[in-house]
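Alright, structures below, take your time with them.
Here chain A shows up in two complexes: once beside chain B, once beside chain C.
== the complex of A and B ==
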């Protein structure tokens, strides 16, 4: 502590990780795996000892840049980012790919650095760096699909950065300040910056890159990816747009609509990507409400979310690693040979479903309470519905299809020890936070006088979970498995038996049709544009081909004529 | 002793800047032997660079230098005038020339027939002298003379690529026809100016033209000069000579010409537009807003898209140059101090980027002999230093922070926003985004594709890598610490617009 304080200019922990990560390509895999663990652990210790305040300020091109602003908000995000990086590195211990390991460090380092910067220009720099570094985790899968998905991801992410830069320029022009503080809507700059944040945060209709790309990354890559990009966006929103009412509605939509997709999706990593989207919605609502309790809830939820989402991706990743698939229809019965992975997956599922005594409960309930306190009852109801939905698809569907359901006949080995250890630590943290939330509460941006374990909270949540479980069981018994339908003895009216699944399916496919036609139309437009451009701009097109001398001279004559006419008209 | 000799030379630096390379050219020819010619040309080009740096320093400390050639006073004799604007252009031209020369030995040996080497270096020295002359002179007709020296020698520099690809001859011929048209237009414009003002001295012109701004002859002169210079600087759609010329010329020629020749033309255009004429004239304001501005915007987008679809790396970079020249013309079209600052900055910065990129491509040409997308496959591992240089150059072209490209873009966007022209700012950003695609295409081929089976390639020789990396590091160095270039560009822009700081 004092040693750090004595330093004239403490360095940003993000830069430590980035610069440290640049060494990875020069190390052998055996050394690199230990090195990155030590690097992330040491930086974590360093972060916890950083004195709060503003450091590392310097002037560049008349801009006052500031690389290290330590306050409670940046510290809690910096801390959880480093924990996630440490766990991700442990999970990827077996990995021999240097590029992935390097990219993971630089990506995480940029996200951490972005969480600590105090000005918008530096934010832009690290914002783009997270985009560029992270795409290598997607490409590392080496498939054609992953390459295309990575390309789309990169274009959108870099696009977000360009919009951010445009927004920052406007903002500077309007206010003359580049401080990364509260911005709010009401100006062009503020709107553009919110749009940039919104793309990275996967706002509805801007979200598609997430489900598109994360499931295509490598087993370890997805775990790393799930932690940083979107949470950095949540952090940025909390910093600059707290209390912006529009965000409440955006967030509420985010919590609700991915549920339909998650229910009909077969790829379990994609299901998790949808539920990631849904969980972000809770945080965005928290930012939108903007009270101290809500912002505390957002920070706490980001913290616990990173852990349990990583845990879920880790457990499904372990399944993918051992069986080569993560499709619900091809899995089942794995609990027999992967009991530990099953157990950890259930812990993750319980946490995301906000079971009492698990981490999701103590953070999500803060946001719900904040919504209730501020009188946002519609929002509160949507969030409640979304909580049930998330329990449905992430809490039950994912573990159920992967580890139970029909026995697929697969008998894979248990996950490697490093994956198990990483999952065990993460699961331990999930439970630990759930049982003993006080240390997390102490880290939150505002003082906390919130008690999660009141009878009302616990009972509401349990009721919700029970009914959701009931609904799932009911659907399982009636609709999702037709062969079982014939053997069922349930004497329930056929209307309920047929109608409910049909409505669910109809709703799902209806949204699907609209969505597909939107996307399909967009794709056709894009390919028509590209084809047209290729015709006109390609090596043999109008612009790209070799132009004959005569035509060149004709252009000269034309331009001379135009210029003469203009000069003549002015005179 | 040396000190007094130096101080004796100092007042004559402006003359030496041009005369030394000009008179060295015949000597270089007489030396006959390729290697000796090369060594001689290298020494001369470094001497020219040292001269340019001394001149820049002198200008920055003491202000504008006026030098009468042969002691003849201005209206009759030719005068050299050096202010911050052309001092920085001199540094660009001579600096690129000096960096390219050590590189040239291996590259030229591989791409140009051995019996033409001393001719090649002779043409190179002439071209250098011509470019320096255009930049330094204060006399409008003298600009034309040096422009012709530059053009004639650059036709030779381009057609020297015929040993590799016969298409170099048609490319050079095409450039010859169009280049001559451009130069003729320019000299017609200068002739018309002389007709009504009776002077060829640029400073005198700037004093006499304002009184004649409603004169039709002046308007015609203006149109001819703008179009003539527009052709020389490859303003879209007058760029048609450029892609092939850059593609089929030997790598050294391409790197040298791409980094310097069009820049000098941009400089001449600025000098005439803002010193001889002024943006306050009605016809000029209209031309800036309705001719140069739209063409610059179209160039930025259309040429960038064309670059995306190119298969040959040199052609790709050539189209990217057309787009980048669009950025420079855009700054001119603003007609404001911020706009001209951005143009001058980009003039300098683009020379660094394109120089580095074309030198890296030359390394690929030497080792692989194929600079198409097929040729660069898998080079990320086989020629790591060359490809790393290309990547950094490409990032700079896109405008990624910590490179000079970012500085250029920043000032261009700021200039657009300060006039409230935010749609233009959006076009600038969109075209930068498009640049990501063509740079990425190369990165993808080099780093993610397997090399063709059985191809064994070594890294380029140090004599070529070192010059390439000097420019690459300059890209980063001036990108991190832009204070110097920004200061000079601002001083120069205010000088052009006649604003006293």
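== the complex of A and C ==
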């Protein structure tokens, strides 16, 4: 036993959260809500004290597994994951559902464990566990829609894991190593693993599970979901595909195309899911550029993004919690009775828009600067456009249509105290990082030689953002701005929710037609045979009817003649 | 819409933003800030990475045109992509 204990020590913080989470079903809600806060806080303290290096390595079935690799990259993701879990647990304090609370701990624990593993087989195990644990946060909403969205989500997420496993098998065959380090393209294994990461990271055309499922989860579930799956994928990309040029183009596309959808989407949680996708694009570009500045930018932006995205989902979740809807067309004027939630939403909006003094400003700009330094002009121009665009839909549209705009006449109560407290702490972190970025910079994987607050940077960023605001105002005042409409906008999921089922139904009915005609033809043949037999052999048939003796002799004579003729001709 | 907000609850004290003229004040304040920002391009020395950044007020122009283009393009996309809210719930 001591040998096993020594091998597994120090234990992975992810395992602490998973094993700790398994206790939650046995606790009453009153104890569990305190317990999960303490569990995530204690694990956070534990993470910050972990010694660097490779621990908890053992051999299992000839595989060299390693559950705890502590370096700067795993530490920054482990740290922000635990902060997000703590804040998510605080936000869900009022929740009495044991299943959700348990699922949230196991899901977050798996993502944290995956960030610390040093081999691809362990990565696969925790990769799948995040998929399976997280779907319960979607199903917990209890609606038919959420059940179906959860099913689609589960199929795609588990599918990503299966592709990862296939890729790992090829990779082992090609290189003989299961180390979770740089992989790169150029082999079948490398390509399959990138595809698996790409699905979880919501690459263009592989993205739609995100906008499909997150808005269908529970109020508290979406906040938890927004933090882990996609950022785990960003982490995995940074680990294994840094400097893969294709990722620059994939990332740039990701920053741009979701914002068009975000402008016309009515469900504000879905708007946020589209903007989440857009923010992932910045991180993917950073991985693709692959310089120290770019990878620092990716890690820093993942850190700030998890906080401001959680804050935005928290504020719109509070609106959903109090009013029962988060559709832009049904909201408006809520600032009158939910002033605190309004304020926190605006902090999240300012952070995602990268206003000076807010967190996005000090992290996103590193990626843009890296793109500039490497001379990627088109990428830089796309990222700049996407920066203005994200301000448009997340920065202005979400707070504007929920809390201001046309007064909906709704006068909901302010959010519960625990939600307000969670939002206040998250907002404090967003502003804190924006004003004082040095502690975050010190956590980044490479030494930082970057100064975000220069006159040029502050002025140009304010020009970009405030003229985007001016454009919004101009479009609103002239009536050109598209109104919020109750609608569904077709995205890539149309292919698997409509086109493929239609094709399969078409194929099915085609097969049915062929089957029916074969069976029908067979039946006709059988009945024709029976009819013919009845005609010839029946009581009045040619052969079956009774005949007179003379006729019978004539028949016999005729047959004899024919037989003779055949016999002679044969002889 | 925003330019004509009104408080639909009778007897409720209207807020500052409920008055259309106050919303107009906010709009003019924004215009003033934007004008100042545009002109502040003379205040600092540029160290551009790309040649376009030499253009006076490049970021302002790019932000404005980009945003208007984004919204108008998205509005046009509705003609192709928009369906009823229960599109995926029908035929069930």
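Throughout what follows, the second predicted complex is superposed on the first by the 470 of 571 C-alpha atoms of A that agree within 3 Å, B and C clash if a C-alpha of one lies under 4 Å from a C-alpha of the other, contacts with A are read in each partner's own complex, and residues count from 1 in each chain.
We take it that a contact is a pair of C-beta atoms (placed from the backbone, for glycine too) under 8 Å apart; a residue touches a chain by one contact, two chains touch by 3 or more.
Here the structure is a predicted model, which is why all the values come from computation and not from measurement.
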Partner chain in contact with A:406 - chain B first, chain C second, else both or neither: second
Touched partner set for A:453, first chain B, second chain C, both or neither: neither
First, second, both or neither for A:46, with chain B first and chain C second: neither
Partner chain in contact with A:471 - chain B first, chain C second, else both or neither: second
Chain A residues touched by each partner, larger count belonging to chain B or chain C: C
Contacts of A:384 with chain B and chain C, given as first, second, both or neither: second
First (chain B), second (chain C), both or neither touched by A:340: neither
Contacts of A:125 with chain B and chain C, given as first, second, both or neither: first
Partner chain(s) touched by A:249 [first = chain B, second = chain C, both, neither]: neither
Chain B and chain C contact sites that coincide on chain A, given as residue numbers: none
Parts of chain A lying in touch with chain C, wherever the complex brings them together: 145, 259-261, 263-264, 333, 335-336, 372-373, 377, 380, 384-385, 388-389, 392, 400, 404-407, 409, 411, 455-456, 459-477, 479-483, 485-491, 497-498
For the chain B and chain A complex, residues of the former touching the latter: 173-174, 177-178, 181-182, 185, 214, 216, 219-220, 222-224, 226-227, 230-231, 237-238, 240-241, 243-244, 281-283, 285-287, 290-291, 302-303, 305-306, 308-312, 315, 319, 400-402, 407, 410, 413-414, 417-418, 422, 425-426, 429-430, 432-433, 436, 448, 482-483, 486
Chain C - residues contacting chain A, complex: 1-3, 5-9, 15, 17-18, 27, 30-31, 33-34, 37-38, 40-41, 43-47, 49-50, 53, 57-68, 70-75, 77-78, 80-89
Chain B-touching residues of chain A, taken from the complex the two chains share: 61, 124-125, 128, 139, 147, 155, 158-159, 162, 165-166, 169-170, 173, 188, 533-534, 537-539, 541, 543-544, 546-547, 549, 551-553, 555-556, 559-560, 562-564, 566-571
